[in-house]
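Next come two complexes, and both contain subunit A; in the first it sits with subunit B, in the second with subunit C.
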Partner chain A sequence: MKLIFERSVPGRGQDIFPECDVDIRLPETPLREEAPKLPEISENEMGRHYTQLAKEARGVNDGFYPLGSCTMKHNPRINEAMASLPGFTNVHPLQPADTVKGCTEAIDTLRNILCEITGMDDMTFQPAAGAHGEFTGLLLIKAYHKSRGDEGRTEIIVPDSAHGTNPASAAMAGYKVVEIKSNDHGTIDMDDLKAHLGPQTAGLMLTNPNTVGLFDENIMEITRLVHEAGGLCYYDGANLNAVIGMVRPGDIGFDVIHLNLHKTFSTPHGGGGPGSGPCGCKDFLAKFLPGKRVIDGEYTQAPESIGCVTGFYGNFLVMVRALTYLLFNGSDGVPELAKNAVLNANYMQEKLKDLYPVAYDTTCMHEFVMSLESIHKEKNVSALDVAKALLDFGIHPPTMYFPLIVDEALMVEPTETESREVLDNAIAAFRAIYKKIIESPESVAASPVTTPIKRLDEVGAARHPILKYDFSGEKAE
Partner chain B sequence: MGTYIPNTKEEQLKMLHEIGYKDFDDLFKHIPEEARFKGTLNFPKGKSECEVSAIVSGMADDNKVFHKIFRGAGAYNHYVPATVNAIANKEEFLTAYTPYQAEISQGILQSIFEYQTMICELTGMDISNASLYDGASAAAEACAMTHDRKHSTIYISHAVDHRVREVVDTYSFGRNTKVVVVPEVDGETDLKALKEMLEGDPSAACFLMQYPNFNGIVEDADQIASIVHGAGAQLIMSVNPIALGLLKTPGEIGADIVCGEGQPLGLGLGYGGPYLGILACTKKNMRKIIGRLVGETTDSQGERGFVLTLQAREQHIRRDKASSNVCSNQAQCALKASIYLATVGPNGLKQAATLCTSKAHYLAEQLEKAGLKLTYDKEFFHEFVTDCPDSGKLLAALEEKGILGGLPLEDGRILWCATELCTKEDMDEVAATVKEVF
Partner chain C sequence: MIDPKEPKYSKSHEWVRYDGDDVVIGISDYAQESLGDLVFVNLPEVDDELTVGEALGDVESVKAVSDIISPVSGKVTEINEALLDSPEMINEDPYDAWFVKVTDVQETEDLLSADEYDEFVKEEEA
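Entry: the complex of A and B
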């Protein structure tokens, strides 16, 4: 497919801006010598270019998207309509507080609902994504220990099943990361946890249910032990969809959390953002929260605030979408999300586990992890191969090779917004692929065959990076 | 209650039975009793889409929307071409995940590759990432890129937007790095102080300047580059992308890293977000750049294709040794910026920049004639500072006429901004209001 630069013809373009109604005056400073080589293209040609790109992209609206740990649920249209209201999109972030009452109300309403759902007391919306929320939460923990003069707490404990962002965020917050083992049931090894707790422990980061889709049944004991050692407990909200309305992190010992509005609360992923990663906390941490908000008609910042993690108030228009979703579902609808997310996952797990061994054969939460270790050994077909084979069935592959504690992992998260027929179709696809694995494993390894592009040379891409278009080739023509 | 769950209650029950559970309680029975939430969530029950639409629209109506805006300071009121949202909101783009599965994500990957190319063209840099959260967090990550064992102190000009400085400070609290502010004199970086401070500190990693700076002034970046490089530090320029339609590029100046707020490129004001963090650098920093990168490669049949690349820098591979924790970024905002840049093209971008700076100079002249003194006698782009005897009074008078005046600063000064959306008539009205008030 042509790049937009290859469709560009000098002299073409689109008429957007008016003639200048005052004298032209350029800055008397050095100016750029050459115009940027941006596309020169008519609206029609440009529109078709992007339509073609859209055809080679795949969203939730194109079909089943069971991407574990990412909660690719339906993105309601009403969310988009509300986020496009001129009364939101045309508001300058530095307008006087009394002219942004609607924004303030939207933020406050969303904060109240999310605090109620999570059992937290306060929340900042400044973080723009989940990892950003983690970083913010860890800075709250750091500020807390510092405020108590307890600066010997230099370690953050992270289970070996954790998302990669957890240890990366802890390192960014200046902590040493201590990894603890999972036990045979896929949950935290309590002895290993105890062995690593001590006066050096700043906190524990935990996803519950964890990344293998299991609810840690020792959770009350885990948070109690961390608190006893003087540490704080951080809840990674990536998997909140599994327990929303059923379990509140604030009730089971967590002091600080982040949420992913682009997962649990139905805002679209946009091909990799913008998301929103609000960070909630208990009262005793609220004085450290970052950013400003309108309280009693004045922009106010918490007294011992850690500062700011984005320039203004976070991804406001993403927050409007999440608010819309929550008003629609309401307090009665929220627990239904978890119930049906968990039902759909167990339904698929149960109907596949005879062919694809699950890593931990028990009731899962909103997602489950299959291990293709034996298939890989016996048939030389990998998790990657099966993922690519699903593409030929029009299904977005599950998350591959994660969590790291499961060999040849495929992690499936159907979400609650898929119907039984969709699940049945996906189950049939998995089973058809299994048949191919037995009958002609090499054909599975050769998939996908129906996609516009075949398997790509990733090693070559990293070895000889080409990260922008080379215009010199064009000139030579 | 509204719901997006397709399966009926009967279907749900049937599925439960089929896999061996009596009901939902049975399905959740492994969750320990003491961990369960047993109360009722204390917020309103669900509503129909019709009712929700009315509630949220009511909130939007409670905001005051200004149609004449002379305030910038990090968020700029530019025209958003109709193509931008029409194209970027296509469902395939909007509802897609991060393009890890390259075979079915070529559209997203290619659009990011095109974005990276456009940002390189705009800035004169060799490499651009796929985007970061916003301009302020991009500045903080840019600073982090310059750390090594010997260089860990971040120098930052006081003439950089204080919001950006605050985010750099907060990130530095995390990373345990030192931030030193270089003072400003007459509205721009004090070059003498800069030279002394950098030359006296072998641990200096970088100097972050803003171009044009917070006061709107286009600083002498060539001289700054020579001072910074002379001291063995790296130069980071935080840029306004519209200004780069005219101004000498960071590439021509010799900057090592460029960051910036991409909001002016078709994103609208949106009460502060989502915006777009721009991050670009020279080749020598390629393996230190933070965030996702898309690279060109070929598929098994020799066709050109695109993949996420150099992932060994990133959190999902390197975990606590990663250069940053960035995962989700602002992909759809980057797409909007690309569509904006493709729509306006090289001539349109130059035209937008010319309109902005011409109008800002007209506004400055009219305000001066009306009695407001320009605080600094310096070359500016589309923002400038005036003194004002009573900024509260003036801004209130403007607000009554539906005009959002400049941003009030300390000591009664005002930071004004003009963009292509400000007409001569509107600017004359602002000047007339000044005369009425004082």
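Entry: the complex of A and C
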């Protein structure tokens, strides 16, 4: 398809705004020398441009989207209806607190429900995404140790199966990252954990169930050992969908957590947001929470607050969607989410593991990881090739090459919002691809063939990205 | 062209070549082959202190980012800046595409000879 710049015709434009009749006076210094080269395009053509872009993109509304660790569940339309209510949209964060009581009540209600679900005592909604929530949680841990004069705690322990954001957030917060190994069962190697705990330990970051889709059965012992060493336990809520309403992080020894409202709580994501990564904590950390909140009609800040991690309240309309989702499901419905998410993942795992070996052959939680290592060695068909082949079946590929501890990994998370028929259809696609791997591996390596753009030159794109349009007439440079 | 038999190897797939008292570090052919096409390289800075067993930098393929583990402790005297613009050099000739030169080498992990390393890779693969 054409780029929007290629559709541009000089002098063409839109009639939304009248001619400017204000005498604008700007200081000379910051003025640019030439006007920005914006595309000149009619409303009709612009509409077509974006419609075509939308057609060539693929989202959860188009079909099955089992992107592991991302929880690409359906965003119920009632969420959108509630988030569009004028009382929630026609407000400004600088309005006097007593004029936005409905909004602050929505925030407080959501906080109460999420604290009940997670076993936390307090929560901030400022963080705009999961990694932002991690960073905030680590700053709380740092503030805690500092407030006690315990300055020698410089290390954060992270298992080798962790999402890359964990070590990144710890490094951003000024900590040294200490990686510990997974055992043969894909969970934490207890001896390696013990070997790395000490007076230098500020805390442990853990995702449970972890990225191979397994619940760490030693969790009580793990959090006990970290506490005994004087560290705090951070729960990465990335995989909360597996245990929501069933297990409360606060009950298994975690002091601080983040949630991903855009994953577990069904608000839309992909394409960069907007997300929401609230950070919850136990009472003894609440005095460090960032941001302001309305209490009894007044804006108040936690007494030893770490400051603000973003402006105002955070992504408010994402919170309205999550609140709608929770009220819609109710306390009976929430545990059903987890049960069905786990059931769907196990169903797919069982139906595929005879052809695609799973990395850890046991009952999984909300996702499972296949290893195509043997297929790659014997047939020279990689996890990437299978991911690409799924595109020809109208299925978004699973997460590839993650977690790093599994070779040729494909990580599948179906979520609870998919029907039996959708899962069966995906299973049939995986099995049909396997047949092709045996009969004509080269055809799998050549896929996809039905998409608008075929196999991308990912290496070329990464090594020599084209990031700007060349206006000199011919081509992008 | 450097003979792959000449350097010594670490179990984390780096090669080490001695240049008098100094050492040159790169990654093995097996390492570049398993990583796939590399698209980005992070190197330390000149004068950085390396610690044996800790990352000296990392390489990124379209699949993943992997740490390059330093087989020695010492001080970086030179980095191969050409790799920053052309990471494909590592895929093309991993023995020519050195990463860092290190002086003042205090400590070195137990390194394998080329034959021992080949054997080690075979066992890993099995």
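Following the convention adopted for this analysis, the second predicted complex is superposed on the first by the 457 of 477 C-alpha atoms of A that agree within 3 Å, B and C clash if a C-alpha of one lies under 4 Å from a C-alpha of the other, contacts with A are read in each partner's own complex, and residues count from 1 in each chain.
Simple rule for what comes next: a contact is a pair of C-beta atoms (placed from the backbone, for glycine too) under 8 Å apart; a residue touches a chain by one contact, two chains touch by 3 or more.
Everything numeric here is computed off the predicted structure, so don't read it as measured data.
**Student:** A:462 in the overlay: touching subunit B, subunit C, both, or neither? Say first, second, both or neither.
**Tutor:** Both partners, subunit B and subunit C.
**Student:** Check whether A:451 is in contact with subunit B, with subunit C, with both or with neither, and answer first, second, both or neither.
**Tutor:** So A:451 only meets subunit B here.
**Student:** Does subunit A have more residues touched by subunit B or by subunit C?
**Tutor:** After superposing on chain A, more of subunit A is contacted by B.
**Student:** I'd like to know which partner A:87 touches here: subunit B for first, subunit C for second, both or neither.
**Tutor:** The first partner, subunit B, only.
**Student:** Counting contacts the way the document defines them, which residues of subunit A are shared by the two interfaces, the one with subunit B and the one with subunit C?
**Tutor:** 164, 402, 458, 462
**Student:** Give the list of subunit C residues in touch with subunit A in this complex.
**Tutor:** That would be residues 37, 39-40, 62-65, 87-88 of subunit C.
**Student:** So in the complex, which bits of subunit A are touching subunit C?
**Tutor:** Touch residues, subunit A against subunit C: 164, 384, 400-402, 404, 458-459, 462-463.
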